[in-house]
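Note that the chains are named A, B, C, D, E and F in the order they appear, and that numbering of residues resets to 1 at the start of each chain.
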Amino acid sequence: MFMHNKRLQYTVRVSEPNPGLANLMLEQFGGPQGELAAAMRYFTQALAEDDPGRKDMLFDIATEELSHLEVIGNIVAMLNKGAKGKLAEGAEEQAELYSTITKSGNDSHVTEVLYGGGPALTNSAGVPWTAAYIDSIGDPTCDLRSNIAAEARAKIVYERLINVTDDSGIKEALGFLMTREVSHQKSFEKALYAIANNFPPGKLPGIEKFASVYVNTSQGEGDMKGPWNDGPEWERVDDPTKALPVDGGDGKASVALKGAQLKDAQESAARLRSDPTGNPTTGADLGAGPGAGRTKPVKP
Amino acid sequence: MFMHNKRLQYTVRVSEPNPGLANLMLEQFGGPQGELAAAMRYFTQALAEDDPGRKDMLFDIATEELSHLEVIGNIVAMLNKGAKGKLAEGAEEQAELYSTITKSGNDSHVTEVLYGGGPALTNSAGVPWTAAYIDSIGDPTCDLRSNIAAEARAKIVYERLINVTDDSGIKEALGFLMTREVSHQKSFEKALYAIANNFPPGKLPGIEKFASVYVNTSQGEGDMKGPWNDGPEWERVDDPTKALPVDGGDGKASVALKGAQLKDAQESAARLRSDPTGNPTTGADLGAGPGAGRTKPVKP
Amino acid sequence: MFMHNKRLQYTVRVSEPNPGLANLMLEQFGGPQGELAAAMRYFTQALAEDDPGRKDMLFDIATEELSHLEVIGNIVAMLNKGAKGKLAEGAEEQAELYSTITKSGNDSHVTEVLYGGGPALTNSAGVPWTAAYIDSIGDPTCDLRSNIAAEARAKIVYERLINVTDDSGIKEALGFLMTREVSHQKSFEKALYAIANNFPPGKLPGIEKFASVYVNTSQGEGDMKGPWNDGPEWERVDDPTKALPVDGGDGKASVALKGAQLKDAQESAARLRSDPTGNPTTGADLGAGPGAGRTKPVKP
Amino acid sequence: MFMHNKRLQYTVRVSEPNPGLANLMLEQFGGPQGELAAAMRYFTQALAEDDPGRKDMLFDIATEELSHLEVIGNIVAMLNKGAKGKLAEGAEEQAELYSTITKSGNDSHVTEVLYGGGPALTNSAGVPWTAAYIDSIGDPTCDLRSNIAAEARAKIVYERLINVTDDSGIKEALGFLMTREVSHQKSFEKALYAIANNFPPGKLPGIEKFASVYVNTSQGEGDMKGPWNDGPEWERVDDPTKALPVDGGDGKASVALKGAQLKDAQESAARLRSDPTGNPTTGADLGAGPGAGRTKPVKP
Amino acid sequence: MFMHNKRLQYTVRVSEPNPGLANLMLEQFGGPQGELAAAMRYFTQALAEDDPGRKDMLFDIATEELSHLEVIGNIVAMLNKGAKGKLAEGAEEQAELYSTITKSGNDSHVTEVLYGGGPALTNSAGVPWTAAYIDSIGDPTCDLRSNIAAEARAKIVYERLINVTDDSGIKEALGFLMTREVSHQKSFEKALYAIANNFPPGKLPGIEKFASVYVNTSQGEGDMKGPWNDGPEWERVDDPTKALPVDGGDGKASVALKGAQLKDAQESAARLRSDPTGNPTTGADLGAGPGAGRTKPVKP
Amino acid sequence: MFMHNKRLQYTVRVSEPNPGLANLMLEQFGGPQGELAAAMRYFTQALAEDDPGRKDMLFDIATEELSHLEVIGNIVAMLNKGAKGKLAEGAEEQAELYSTITKSGNDSHVTEVLYGGGPALTNSAGVPWTAAYIDSIGDPTCDLRSNIAAEARAKIVYERLINVTDDSGIKEALGFLMTREVSHQKSFEKALYAIANNFPPGKLPGIEKFASVYVNTSQGEGDMKGPWNDGPEWERVDDPTKALPVDGGDGKASVALKGAQLKDAQESAARLRSDPTGNPTTGADLGAGPGAGRTKPVKP
């Protein structure tokens, strides 16, 4: 069960309203790398988790991320506070209000006109948050790697937001939030490496002859070697089309159709054949005028 | 520039059509952990990448993932081949066709009725592929971690598909695809650790006093200790609300409003106040009948 | 700040695994009328709210909805528990596993293959949760009405789920969750009617001559009268096209274009005119065969 | 069956083109609170409705909302008219056209470059309209409440648009549209309260002991009392974790696994255990440089 | 302005309820090729259209498509009618109701549990309708081609639905709807070819030397010739990489960075370089156990 | 199998960074008419195609579109290059960086803050690419028409982008890409018209008496005649409601309910009836203040 304490985990002191800046901050509220994504990622993993240590850790961090969602949401709310009253009360000249909304920057007009200045669960482009951002698949050696990557990304987006703000109260709170992502990444790393044999993930071993092959499919000037594709660990294939396919078969796709299925497929194919031998007049031929670069109509 | 060879990277031999199984396979075609997501993840990173080694590697692996998209897409196409002709030619009794479509399993009716048996860029629930699945943010220490996690997830989804198939040709091709994910994960790992000081990501250091704190926000029976929250590396906080907020402030959110902004905000608040002192009759009071558990209308 | 207690608000006792039923339960986890939608609706309103009574109430109810999300999520997790292990360990015959996944019902195959048996933030069709479900606009006379409606909807979806379950532990927990929605609706009703002059919402009065008009735009057998369109409060218009438009103007849309804008528009119109006088041969004419019901090609 | 009269329900007189303003107007065309959402909400309810009075009313109002969609769409079209020709004819200097598109405000560049100046079914952020905005669930005591709330929201968004426009023709048309929402809300209210015992919605009574409980989950400075959580109607719980869970059970989630299911689950847990006793070296340890605030690698 | 007549354009006679079939019918209600997509496609084009003939035609056809949406919606409503009452009244044994919902086929459980039996604006997979289905771009030579294609697609989806239904009343109504798509396609064809010089679309001519080139990028067994890539109209390039790039340049992407931009880019590159010379120990190395196919840890 | 050559199909020479212009270019990278949509449209069709000529052509063009995705992606990457380093290195004054991001135009702030300057698979509004853009349905007479329309649209969006750019290197590359769309349209036209009897699509003939009817549903000033609705080919219906419905039935929707289904439906209707005879007091009545245009409370 969740409880809430009205004190924030970190005090939010905003010097003055700025809807454009508020809009950028939405990235960490309702954006793909933001706090709702983090909280829901860990919370749903916690529910499905059977390992007692990880279950506890996931609830701990999920709950803290909800508190971070609250902190960043308050930053957004404070930055929008001026705009909110102005629009609700219609207190300004319309032309001036229009100008404010249009010029305050980014997509802040959406927050103002549609959401009335409240923090909306969108990113800074106004795109609604979607659970498609959450990549948990119910295997801890994968999910912990996903969490590690997610914390790294969140750290960097906070860093970018710090780089565009000179309001010291906001910078301070963002610095706190950014640092906590570093700390969470460390926890997830420890939990991952506390699983023996965590690589490769899963139970099925790979097929040995394909597991150390590096296929050099992109060729030409700029081809490079490095530990990721070269050295004793790797079997490097520089001419992939030479022995195609890798299984020694015919490189085709096949399925056996029988009886009615075969007949239907053949009839369908016959009915819908594009005859390669003629040169039919087309709609484009009919529509082509005498302009440059246009196809010439072909007499039927 | 891309080129295409009509031979598949791995031969696809499907024993017989099965639209229900085809539908499950869509997870690795148009699903979040599938091959289009992989190809586009690495391809877009390659475009933005300036490091020559990583750029080359990202193009190599992106191109191979496109070839894997082709392999899994052919598996789907073969499994749907019978259904395709049947529906197009209307060759069966309608009641029988309805039954086939409804009973062939999963969401295969969507592929049949809407997509005509072609492999669609959806997951197995019929949800269209979205670029929201791609989590690249343009920082290699993050993006490589995201790639590592993505390969791990793809490996496991292939493993699950292998576990539900007894068609040996499909199993073999899936085994190949699964193994390649392991190999790609290794490449991305090498490229990540070939960046010095890759942790924490980014340039801004964390704030020292928050970087090693573990906040035990979830409490009660089941509280655990492990290397992820305990030991010399960690400063563990077991009573987080005791000294709230962590910055020593008042834990509130504030912004300075001035002049017209302040006046508008105050007028708005006054106009829209919920009076806490009375007990108004409500719509629910009006609508409540004499049934059990219903609120009683209160006289104003 | 949020805190978490490992005890659930309501004990979850599931008699046996059932992935098909788990999938239906997802409606109240990641569906449009579910608990995440509720929690986020009230939480984001709380952040933007300035009225102290409502702010407190919104945080109270948002926090409780998070606890309900936890209860329903545990129901889903328990119902999926058997499937989870089976798929991860690949312990069954493949054909049997395929059959289980395909036959266990609804869209449960998605939860199993893609999400590994964990509760995913989707509805029962596998559609990812989206913040497009949240309709808050930052005006309390609207948002409270939206909340009232949302609680009513959630109550009914719980009622439907109770109607399809005969697991007594699940029924009991669902009954608790359903009842709490009733209680929340009452709170929101009280808070709405504690705002004086809450109808019509907003500050601008309507235009008097249009405010009590009922336009009978759907005509024919089945036309009805009732308090919603008839009586002293209403001015009923039964022949809307008679005096069209209602403002007495010409019922057209116009804008004044000047100078280059006018010239560009005219040139564009001339260039792209569909000549109404001829009878051009079309692509369809070219493609039409001798079949029944087909258009006949027209000689140019 | 629908019919169309080329006269608008309200004449649209726009003084001059303004793509930035056009973009804001899209909120009521293809936005969540806009006219398509309204029309489709009532139209789909009308189709499923069996009550003759409501069915008639829903068709009446749905049809009128389509006419409103036409009015607001014409406002958008007129405001974009200048931009449309300019871009199609390429008549301006490119740098000037770029500047116009970039500076005309909001997200109007999307309408211009992608939609060619036509009114697109997006909101003002360019987010495509989605049926996820429609919250009908097929129970009239819920759907009418949803309609009431939807009309209230639409009224306010029109009010905001009026507040940012000084084109008198647009203001007039918006005033008409805004007023009609007020009128529709009144109709839906009448229809709701014409249902006896409309609260609580549905057929199942709530569980009496939970129906009047208010759970004070958010605590600390700012805790308030009001008719929504206090008084004879309410049983207020100020210390929710004291007697957790409310059902007197153990507050845990359980399910009985048997036979192979139990064995699989146990094997899975054993294989994937995070060992809480050691202190493994992690990827972060490998990657951590000597910088401030970084974790120290731990020797294995 | 729109008006509505309570008579349907085509009578809907459904022999008996069938939620599974109802669900398939949703493809033409809220699916990508369905009637809402058609109506909105033509309606939004009509609003932006300046050509009087096309504007009239687009309003005519848009309005008729709304009437078709009504017909197909009524088919869905009738097919769901039995399910609706059963679930609302909870009149059956729960286990039986669960079985009905799970077995009635396809994704009909979503319509039943979430939408209460009403026709929802989703496709047959439960995916909500999105304006992303509409491809209008505000140029009539494009939009008419898009309309022609859309009508063709709708015709085929109706044909498939007819092929899976043996309810004669439904077949008859679907036959009517299918035929109207054919008729609409003919109208759009006429309107397109009534535009002189409609190919290529737009005002800018293509670059002559690239306009008739066919690039044979897919090679190997299966390479074919036909009027689409061979003959006097075409300049066929069978070895595309031989003279790459086609412009005779270096085939690279470049931009001139100056001053601080250059310095920042260089610093960024240096900081984030993946060193190609070493062979770092990776997280995967740490996690790899002794299993088959696993990478071997490399000593630093 | 796909291969990649590091040379671009067309050299990309960008004169200077411009994130605002980069953002517009995203329309052809991750927008609905862009190159990913094209490549995936043809690639998925190729996989399902059985006709050898079309299969080859679809692979050829799909592969070329991937190469075009690479060209436009490089344009985006070059235009963002300056912004990328600046934000990553935090090298500028924050206020200046904020100003740059806010003022650089369009939605470029999203690319900068969220995607770090990399080309993201979104359109210029920041909306993630979705497979809902792809309209293939697995019938070649439809899919080829869809492809023809798609190429026409892509041609026009390129033309618009050319019209807003004065960077000659970009214009040149866009000109190449635009021309290739013209060429691809020609191929698809030839392939369509090489199918005999391609109109109407499909196998089922239309119903003759409805196939040539034009229903004049939109009436009033502006009614026009043209080859699309008038002439010997057409049977024009100018008074559609006169003989409604067209089938001669009663124009109603019906289904036979029996036994329990009928009883449930009747009970449901009785329980939820809106009584048309009274005039109930409503929530709006309770909330209405003494303001102008407000409804008057009615005494019960």
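Please note the rule applied: a residue touches a chain if its C-beta (ideal position, glycine included) is under 8 Å from a C-beta of that chain, and two chains touch if they have at least 3 such contacts.
Here the structure is a predicted model, which means the values were calculated and not measured.
K.L.:
So chain B and chain E: same face meeting same face, with over half the numbers shared, or different?
P.N.:
different
K.L.:
Rounded to the nearest whole Å, what is the centre-to-centre distance of chain A and chain C, using the mean of the C-alpha atoms as each centre?
P.N.:
Chain centres of chain A and chain C, defined by C-alpha means, are spaced 24 Å apart.
K.L.:
Mind checking the centre-to-centre distance between chain B and chain D? Centres are C-alpha means, answer in whole Å.
P.N.:
22
K.L.:
Among the residues of chain A, which ones contact at least 2 other chains?
P.N.:
Residues 1-9, 32-33, 53, 56, 59-60, 62-64, 67, 74, 77, 84, 88-90, 107, 114, 116, 122, 125-128, 130, 132, 137, 139, 141, 148, 156-157, 159, 162, 179, 182, 185-186, 190-196, 199-200, 203-204, 206-207, 211-212, 217-218, 222-228, 233, 240-241, 244-245, 251, 265, 268, 274-276, 278-286, 293, 295.
K.L.:
Chain adjacency by touch: line, ring, star, complete or other shape?
P.N.:
Looks like everything touches everything, fully connected.
K.L.:
Spell out the part of chain C that touches chain F in their complex, as residue ranges.
P.N.:
141, 192-193, 195-200, 205-208, 211-212, 224-228, 231, 233, 274-280, 283-296, 298
K.L.:
Give the list of chain F residues in touch with chain E in this complex.
P.N.:
The touching residues are 5-17, 32-33, 52-53, 55-57, 59-60, 62-64, 67, 74-75, 77-79, 81-82, 84-86, 88-89, 91-92, 130, 132-133, 135, 137, 139, 141-142, 145-146, 148-150, 152-153, 155-157, 159, 162, 172, 175-176, 178-180, 182-183, 185-188, 190-191, 194, 199-204, 206-207, 210-218, 222-229, 233, 240-241, 244-247, 249-258, 260-261, 263-268.
K.L.:
So in the complex, the part of chain A that touches chain F is made up of which residues?
P.N.:
Against chain F, chain A makes touches at 20-21, 23-24, 27, 31-33, 105-107, 123-127, 156-157, 159-166, 217-223, 240-241, 244-245, 251, 265, 268-269, 271-276, 278-285, 293, 295.
K.L.:
In the complex of these two chains, what residues of chain A are touching chain C?
P.N.:
1-9, 30, 36, 40, 43-45, 47-48, 56, 59-60, 62-64, 66-67, 69-70, 73-74, 76-77, 80, 84, 88-90, 114-122, 128-132, 134, 136-139, 203-204, 280-283, 286
K.L.:
Which residues of chain A touch chain D once you look at their complex with the stated criterion?
P.N.:
1-7, 50-51, 53-54, 87-88, 90, 93-95, 97-98, 101-103, 107, 109-110, 112-114, 116, 122, 125-128, 139-141, 148, 179, 182, 185-186, 189-196, 203
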